[in-house]
Every structure is written in C-alpha cells, then in structure tokens.
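The structures come next, written out as structure tokens.
Two complexes follow with chain A in common, the first pairing it with chain B and the second with chain C.
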Partner chain A sequence: MDLKLKIWRQKNANDKGKMVDYPISNVSPDMSFLEMLDVLNNELIEKGESPVSFDHDCREGICGSCSLYINGEAHGPDRLITSCQLHMRTFKDGETIVIEPWRAKAFPVIKDLVVDRSAFDRIQHAGGFISVNTSGNTIDANTIPIEKADADDAFMAATCIGCGACVASCKNSSAMLFVGAKVSQFALLPQGQVEATDRVLNMVKQMDEEGFGNCTNTGACEVECPKGISLENIARMNREYLSASFKG
Partner chain B sequence: MSGILNSSIGRKFAMALSALFLMVFLLQHFSINILSVLAPDTFNDVSHFMGTFWVIQYLLQPVLILGVIFHFVMGFVLEIKNNKARTISYAKNNGAANSSWMSRNMIWSGLAILGFMLLHFYDFWVPEINIKFIEGDMSGLIDPNNADSGYRYLEHLQHKFVDGWRVALYVISFVFLALHLLHGFNSAFQSIGANNKYTKGLVGFSKVYAIGIPLGFIFIALYHFFNH
Partner chain C sequence: MALDSKIPQGPIADKWTNYKNQIDLVNPANKRNIDVIVVGTGLAGGSAAATLAELGYNVKAFCFQDSPRRAHSIAAQGGINAAKNYQGDGDSTYRLFYDTVKGGDYRSREANVYRLAEVSTNIIDQCVAQGVPFAREYGGLLDNRSFGGVLVSRTFYAAGQTGQQLLLGAYSAMNRQIGRGKIKMYNRHEMLDVVKVDGKARGIITRNLITGEIERHSAHAVVLGTGGYGNVFFLSTNAMGSNVTAAWKAHKRGAHFANPCYTQIHPTCIPVSGDHQSKLTLMSESLRNDGRIWVPKHLKDVEAIRNKTLKPTQLAEEDRDYYLERRYPAFGNLVPRDVASRAAKERSDAGFGVNATGEAVYLDFASAFMRYGKEQAHVKGLDENDDVLVKKLGQEIVKNKYGNLFQMYEKIVDENPYETPMMIYPAVHYTMGGLWVDYNLMTNVPGLYAIGEANFSDHGANRLGASALMQGLADGYFVLPYTIGDYLADDIRTGPISTDSKEFEDAEAEVRKNIEHLINNNGTHSVDYFHRRLGKIMWDKCGMARNAEDLKSAITEISELRAEFWKDVRVPGTNEEFNEELAKAGRVADFLELGELFAKDALQREESAGGHFREEYQTPEGEAVRKKEFQYVSAWEYKGEPKDAVLHKEELEYENIKVKERSYK
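Up next is the complex of A and B:
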C-alpha cells in the first residue's frame, strides 16, 4: 500500500508545531499502525531526519499508552481497540491519514504525538485507592460475598486502561468516563465503602482543577473507548458525587 | 453541599434540574395552547385564569423566568468552560462518527430558542404586561367597558399568526426546539444520575416528547395561520 501521512510535528512543549506531509510506500496491510510508524521512522533516521515521537509500550491493547488521533478519531476508525491493535488493512491504498496527538488543555503535548497524561495520575492519587492491610494479615478479597451483577459491573469498570481516548474524543475534553470508571470500580464493592464519600469528592475536585471540561452526555467517549466503558459509569459517579455532597 | 455550583457535576446537575423544570412547563404550555384549536372558549377561560390568578402571576411566573435565565446563562458558562478545555483544535475531527449532531450543537439550538423567546415575549408577554399593569385593565375583555365583548386572548393569538414571516419564524424555532430536546431529554436524566433499567424505555418516550411537542406547536401555529 502507498499512503500519504499528515503528522503533527512539535519539537518540544513550547514549540508551536505544525502538520507535516510524509508519503510512505510498500506498507503491508497486515502491519499494525505502530509498525507502519516504525517503518516511517526507520526511513527518517536513514535520511538523517528526526523520527516521529509517539507513546507505546505493550503493543497489545493493555497499557493504554498509544495515544494517536487518527483520521479524526481516537485510535482510528475501528471500535474497541487501541492504536497498536489497528491494522493497516483498515485503510485504502492511496489514502491520506491524518495523525495528531490527543488535544486537551489538561494533556499538554511533550513532543510530536506524545502528550503528558499525568493529570490522570493526580486524579488517581486523589482517591483512586482503597485501604487494605498489607502487613501479612491481608484478608482474601473473595471471603466477602459480592452480588454477581455488582462484581461484573465493578470488573467492567476496572478494565479502563487510562488511555485518555475519552478525553481526546470529547468535544469538551471531559474526563468523566475515566473518572466515572475509577469511581465505579470501588463504589460497587464493599471494600470501597470506607473511603467512598471522600473518594468521589476528591477525585472530581482534582479532575476539575486539572482543567478538563464538563460532560454534555454526547456519548463520544463511550463509542471511542477501547474497553467499552459505558456511560452508566458517569451516571453512577454523578449519583455518588451528589449523595456525597449532601452528606457534606 | 457548599459550593456545589463550583464543581463540574454540580453545574451539570443544576443544568439538568432547570431543564427538567422547563420541560414540565413546556408540556403545560402546550396543553393550554392546543385548547385554542380544540376548545376556543375554554382556551379563553384558562388564559384568563393563568393571567390573573396571583399564585401563577406572582409566584410561578417569576420562578419560570428565573428558571429560563438560569438555564441559558448556565448553558453559556458551560460552553465557555468547555471551549477553554481544548485550546488547540484537531486538524481533522470526525465528530459524526461517535456522537449525534444534536448533542454537539446544544449551544446553537439553544441560541435559536433564545432568539425565538425574545420574539415570543415581544409578541405576547409585553402586550399582556402593558394591558394589565400599565393600562391597569385586569378584565381580560376585548372591550373593558363592555362585559359582553368576550375575552381578548384568542383574538390576540389569532392576530399574531396572520403574518406569514412570523409563522415561518415560529415553525423554524420549533424545529430547533425539537433538536435541542432530542438530545436534551435523555441527557438531563443522565446528568442527574438516572441511567438504569428504565433508560431504554425513557429513550423511546423522549423521542415522542421531543418530536411530538414541537410538532404540536407547529400544528397550532399553522392552524391559526390558515384559519383566520
């Protein structure tokens, strides 16, 4: 396949940055999207140009680092996958592919396609944890009976990999799907009850301070999320937040 | 509880409450207006009652006006905040791939409704206030000195729907109202945290409401245009 790539290049956080055209040929349809970028980078290095920086680690849809906005969608046009799971056969020969970093004030660009997602870490630090005794007397979690439906929903929420596709896709750069998932995974379990009130208040406070937008319930996040995290998690977070606010 | 309006979720909750309130009001407004087609005399009686009963005039009407103002001011606040959350926009963004046009353009459908409401206040509210509180005529009669002249409400309404341009503006505005509600109805329930086993049923009902009510208003406007 021959393709025309349009890629965001930005030397560092302070550089203005611009879109640059890169034609690429002999791309195998069986390559993953990141392998295609590897091929491009090899060519750039051979030509003595600086390679395109992009985040990646596991390359199997687990780590959530491959944050690429491809042809106007987070992780490209396919559903329930990350960029590393996207194959070149999704595209047509001769197609133009636009590749940009996540765009959000709370996710500043570090270089090229790499953004700083430490805002998510700070939200997690604000309340995304439970207190358990880990000094050798740890009680097996399975000794507490949990209703199947709740356990399933909690597990579903816990599959969030913190990739930030929800923020990138949202017209408001809202982080509510991520925070909704991180609140829900504990709100549904007995182990999460001890910190429940503070957790949701503190995490939402941190989310707002980081400069993420407000949810308009467009549902774009749910569609683009590689793990299929549903909007029900945002509704649950809203319930948790409102009842926690009234508790004081 | 303190400063709930300073949080993203609190603002959305308040937005949804004002919106739910407006949707209840809209249903009531429609129920009365449709009487102008089905039972014109009853329409006059109810209009007179609404326009003179003190609970409605001095309690509910101010609450309604404040509710509307709150709703669109908060709509602007959210829009500005949300725009600030993304300072550099995408070179290519395919919003249609993951969300409805209505959901992405609430501010535009809302602004169209706001424009309509200015016209609507000029058409009905300003003359009402003028007759009742400036001229001091609380009788509701076409001729205040003649008890047999009948109520003026239906006549006033019919006068407004003679002008084709005005009718066209009303019809277009109701289309925007439908677009606003097609997303807004369910969105309000999601905002207050009500996403549960009833959501599927609600989605069906929301379509009936969001299309049915504006369509009904359009019918009333056209009915009076063609029957004067």
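Up next is the complex of A and C:
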C-alpha cells in the first residue's frame, strides 16, 4: 500500500506546531499502525531527519501509552482497540491519514504526538485507592462474598487503561468517564464503601482543578473508549457525588 | 569473593518466621531519616515503594513510562498462584513450593522458594482488601483455574487481565503514599547508573526523558525492580521499552549477574508475520486449560492447509496429532512452558508447521465449546443434542473467560478464533536469570537490592505460569520491606547522603560521556537496525535449542556487532530534548554486552535444564538431560568485557525435595 500521512509536528511545549506531509510506500496490510510509523521513522533517521515522537510501550492494548488521534478519531476508525492494535488493513491503498496528538487543555503537548497526562495520576492521588496498609494481615480473601454481577461490573470499570481517549474525544475535554470508572470500581465493592464519601469529593475536586471540562452527556467518550467503559459509570459517579455532597 | 546466600538455619517451614523474629528493625522515628530509591514501578517496584513509604521511609520512585501504572506487569494475562487451597484439591504451601522447584528443573534456591509459597496466600488477602476485582463464582467467592506444570487449581485471575488489575492495585497503594508525600514520584526518568560510596550503593544517576537533564539522586539504599531482559532478542512479548540497563549498570558496578542464559520461551504466542514486526503478542497460558494443541498427522494435510485447499476444521479427528496429549498423558496440554515450547519446535522442525513460514501449531477450542455448551444446555434445560445451540452456548462461556484474548488475536491475525483454531508459536517471554541476590534480596553490593524479574532466585531454569505476579508482589509487599530493615538499621545515624561527592561526579561524567558519543557519532544506521541484528543472532543461536558451535559463533558475532554499533549508529537530535532514539540507543548498547554474557553462560552450562536446552545433552526421545555437576547458580562478575567475566558458583542444596528426573508423563 502507498499512503499519504499528515502528521502533527511540534518541537516542544512552547513551539507552535504544524501539520507536515509524509508519503510512505510499501506498507503491508499486516503491519500495525505503530509499525508503519516505525518504518517511517527509520526512513527519516537514515535520511538525517527528525523522527516523529509518539508514546507507545506494550503494543498489545493494555498499557495505555499510545494516544493517537487518527483521521479525527481517538485510536482511529476501528472500535474497542488502541492505536497499537489498529492494523493497516483497515485503510485503503492511496488513502490520506491524518495523525494528531490528544488535544485538551489538561494534556499539554510535550513533543509531536506525545502529551503530558500526569493530570490523570494526580486525580488518582486524590482518592483512587482504598486505605489499607500493605502488611498482608487483612482478613481472609473469602470472608466477604461479593455478588458475581457486582464483581464483574467492578472489574469492567477497572479495565480502564488511562489512555485519555475519552478526554480527547469529548468536545468539552471532560474526564468524567475516566474518573467515573475508578469511582465505580470501588463503589461497587464492599471494601470501597468506608471511604466512599471522601473519595468521590476529592477526585472530582482534583479533576476540576486540572482543567478538564464538564460532561454534557454527548457519549462520544463511550464510543471511542478502547475498553468499552460504559456511560453508566458516569451516572454512578454522579449519584455517588450527590449523596456525598449531602453527607458533606 | 565467596557468595553468601545468608539462608537462615532451621527447618525450612520455620526459616522465614524465625528470621523475621531475629533481624534488626528500624524504629518509626528513625525511618523518617532514611531515604530509599526504588527504580521501576511494576508489581515488584510498585508494591515495594508503597510498602516502604507506609513503613515510614522516604521513598523516591522512578519509572521511564509516563505513569507508574504503565509498567509492563500490566500486560500479564493469566493469573497469580497462591496456596489457598480454596478448591480443596490438595494444595498446600509445600505443594506450591515443590511444584515451583520441580518446574524450575531443580535450579532455584529452596529457602527463597519456600518463603514465596508461604507468603503467597497473604497476597490474595491483601489484593482483595485493596479492591482488586478478581473473578468470582456465583456464590460470591473467588474462582480459580489451572496452569501448566501443576495438578491443582490455585490460580486466581481477573479475566485475561490479571496483571493489569494487580498492578493497578499496587499503583493505588502508591497513589495513597504519593498523596501523603511519602513517595516522591519521578515519571519519564531513566536510570543510567548506580553510584557507590565507600562500597555501598548510595544513589543513582538519571536522565529526565522530557528535558534530557542528567540528575543525581541519593539514598541510603537502592532497590531495582526493573524487570527482565527478554528484549535482547528484539522480538519478544516484552514492552518496547523493557530493558536491561538498570540491572546491567548495577552489574558493571560490581553486582553479579546470575544465570543469564535461563530464558523462558513461552509456547503460546501469535506467530511472526513479517520483517516489519516490532514485537510479539502472548496468548495466555490459561488458554491451555481449554484449548488443545495439535498439528496434522500427515505431511500431505500440512501442505493442503498451507495451500489453503484444506481448512483445519475439515480435518478428521483421526488425522490430527494432539502431540502434547500423546507424549505427556499425565499433564497433557498443561505441561510446563519449556516442555510445550520444545514440543512445538520439534513438530515444526519435522515439517508439520501449519502456516506459510512453517512455524505455527494449532490451539483449538472446538471441544471446549461443546463441553461447556452441553453443561449450559443441561443447566438451562435446553436440548443437549442440538450442536449449533450447544456450540453457541459454549462460545459464550469461553468468551467470558478469555474474551479479550480472542479479540486481541482476531485484531492481529484477522481470523476469528471462535470459528477456526488459533495459530500459535513460542516466543521469548520472561527471563529467569537476573541479578544475584541473597536471602535478603540484596545483591553482593551492600545496599543494592533486586526484586521481581530483575533478580534470579525463585524460578530456577524455568518459571511456572502465574508465578511471576506472585513473586513480584511477594518481594515487594512482604519480603523486601522486612529484610531491608536489617541493613538500614546501621544507617540511622548516617544522615542525608550528599550528591556533591566525587563518586556522584564521576558517575555523572561517565553518563554524559556515553550520551555525547551516541549523539555525535553520526553513523549510517538507526538503533533498530542493530537491535534487529542482535535479536536474530540471539534467536538463531541462543534460542529454544543451543549447541556449543552456535554459541561460540554467537559470542564472536555479538562482539563484532557491538563494535560496529559504536562506530556506525546514528542517533538524531540532541540530548536536551525528548529523544526516544537516544534512550533506545543506550538500552541497545547494554543489550549488546548482556547478549554476549548470555551466550557465554549458555556455553559454559554443559547440560540441559528448563529453558536452557543444549542439543548435545538430550535423551533419545528429545527430553532434557540435567547434570548433577551443574547444580549451581552461575554468578558472573564484571571484569571490563563480557568475555572476561569471572564465574562464581553458588552450590544449590536440596534438603526438602528429592532431586529427580523431571517427568510430566
């Protein structure tokens, strides 16, 4: 396949940045999207040009590093996958592919397609945990039975990989799906009840301070989420938040 | 220098308890005056950082990823072992200990493994308390499944994402301590050297991967939880960034590197598809609970399948060779990884590989669909003889257990594994070798610790499935936080370690010199060009089967490639920016040294044990031949060049297990 790539290039956080065209040929349909970028980068390096920076690590859709906005969609046109799992067979020979970084005030660009997502970490520092010491001297794991449906829902919420596609897809750059998933995981489990009030208040407060926008129930985040995290998690967080505010 | 493993006296079941009762402790007020550096934030590093901070130490944690949550433990799929015996199927601490030592082909240290089995149950309790959502049964209690090399169900899991859930648990424990200010977290920082002051590890040199700034960090002790070195093969199931640099720099500063040749080649990975391939993807071993591995019995059918004139689903049962069930009736598809991998290679080498490259075997779920489907039909009172319905019901169950893995497979291979068997082939996955540590998990450099995959101690020559997560968390949550106190008790009056010493200055200068060389080299080829070539040498000559002649040529070739790399590598850009090529160049430079030591170690070990299979040492049936005279740990001391490394031996003694031929028949 021969393709025309249009890629966002930005030297550093202070640079203005621009789209640059790169033609690429002999792309195999079996390549992953990132392998196609590897080929481009090796060509650029051997020609003495600067390679395109992008975040990536596990390349199997679980670490949440990769974060490409491809043809106007977070992680590209395919559903329920990350950029690293996208394969070139999804595209047509001769196609133009536009590649941009996540765009959100709370995710400043570091270089090219690499953005700073440390805001997500700071939200977790504010309450994304259960305060048990790691001594191992807790109660036996089977002491508290948990209904399978709740355990499964908690697990589904916990499969969030923290990639930020929800924020990038949202017209308001809201992080509600990300925060809702963590709040829900603990809200669905008996272990999470003890600190439920403080958790949701603190995490939401930090989310607001980081400059993420509000949720207007558009639902783009759920559509683009590579792990299929459900909007129900946002609803659950809103309920938790409301009841916590009353307890205050 | 003699190696002192510091194994406590007494009966094996009491060693850890007695030892904990006797070691020195640091009182809480004094812990506040002690700094500890933890490098790596996977299961081992993350859990250690959280626990040390909780105990009161000042922790500085480092990871090269943009968040500690992205360490490669996140990708572990199948599960975590623990001797809970919830299934009542005969499990016990001793049995987990026994299975692990046997699985490791009698090349691990008894006392360490027993302790691991002993604390395994705490891990499950701890993780559940943290809100880790393990899979549960309808009664609300925890579910288990089986893994290779054992006859009980002791593996706890969270679908095919167990590593993710456990790591997020450790990450949440870290977050709590970061929020309290007890952990100072340094994301996107790469450790480039260990600094020794008066013979003790007292700090590290790092590079800020965003700005390129070279930084000095001091502490009273340094803990490396920096993972394994599978990426020396270029293609592996490791993350792209996984590297040996931290461990290798420690080695160059005096820490012995143990058993580098013990590598795990995992039997069930997606086969290589072409030269563009950047990494390989694992399909969890848990799939062998339900999938059956086979190739056609007859070469004519192999040919027809490769020509696509025959579909695998069309091949009659009697024309299929379920070779693991045939060769190992007792364990069948659940033999340990080394055995399963070699068996796949044996069939492929004999011409029975089922894809275009001839390097693939089938992993087939057809009978599992029917088995589960029949059970479901029975439970729901539906027609058990309706094959279409039964298959559909069975597929739902399988989807529930392994849905994400099936999806991953389909995305990569573009075939639907619910309709046609998966194609799989072995790939490099885990390294049992690593920094030599004593019972305290301290290397032979005082104050320098290695935990998780970065050390060598628990898995011998082959690791059993679902034991890596167990070891990472055991080391980080429950072992290191105790044993490190014994060392730090002497440091309560030391005060903060200054970074203005000559030692820090020299280490920093060396790091800068290296970087300048790479940046200014202006050669002709990219870093990947050299890494791929190194990987090919490793896979062809130090892979699933090794022999003296190949290993000797590998040593020469790697050393030549290293010289070529330093002469001809091209690293674009500058140090003072986000420069992934520069980071990669430093890592590959270290792989080019480690690779040679790896081959040297494999050449020296004239036996077959676990993942190390020497063609010269096998039975007529192709089984590994282990030798009594090699019942030791090879700990290599750095002497300037890998070829000059000096071998130290730690003899392994088995007092609680009878060493015998490892059989899974």
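Criterion: the second predicted complex is superposed on the first by the 242 of 248 C-alpha atoms of A that agree within 3 Å, B and C clash if a C-alpha of one lies under 4 Å from a C-alpha of the other, contacts with A are read in each partner's own complex, and residues count from 1 in each chain.
The criterion applied here is as follows: contacts are C-beta pairs under 8 Å (C-beta built on N, C-alpha and C of every residue); 3 or more make two chains touch, one makes a residue touch a chain.
Owing to the predicted nature of the structure, the values given are computational and were not obtained by experimental measurement.
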Tell me which partner A:I45 touches in the superposition: chain B (first), chain C (second), both or neither.
-> second
Looking at the overlay, what does A:V20 touch: chain B (first), chain C (second), both, or neither?
-> neither
Considering only the touch criterion stated at the top, classify A:V194 as touching first (chain B), second (chain C), both, or neither.
-> neither
Winner on chain A touched-residue count between chain B and chain C: chain C
Name the contact category of A:V98: first (chain B only), second (chain C only), both, or neither.
-> first
Looking at the overlay, what does A:R239 touch: chain B (first), chain C (second), both, or neither?
-> first
Within their complex, chain B touches chain A through residues 1, 4, 7-13, 78, 81-82, 84-95, 97-100, 103-104, 106, 183, 186-187, 190-196
What residues on chain A touch chain C, complex-wise?
-> 11-12, 28, 30-32, 34-35, 38-39, 41-42, 44-46, 48-51, 53, 55-65, 78, 80-81, 85, 87, 89, 110-111, 114, 116-118, 120-121, 124-142, 145-148, 151-152, 154-155, 158-159, 161-162, 185-186, 189, 191-192
Contact footprint of chain B on chain A as seen in their complex = 6, 8, 19, 69, 71-73, 77, 98, 100, 103-106, 169, 171-174, 176, 204-205, 207-208, 211-220, 223-224, 231-232, 234-239, 241-242, 245-246, 248
So, in the complex, the side of chain C touching chain A is made of residues 47, 50-51, 54, 65-70, 72, 74-75, 84, 86, 119, 122-131, 133-142, 158-159, 161, 163-165, 168, 171-173, 175-176, 178-179, 185, 187, 210, 239-241, 273-274, 276-279, 281-282, 407-408, 411-412, 414, 477-478, 524-526, 528-529, 570, 572-573, 577-578, 580-581
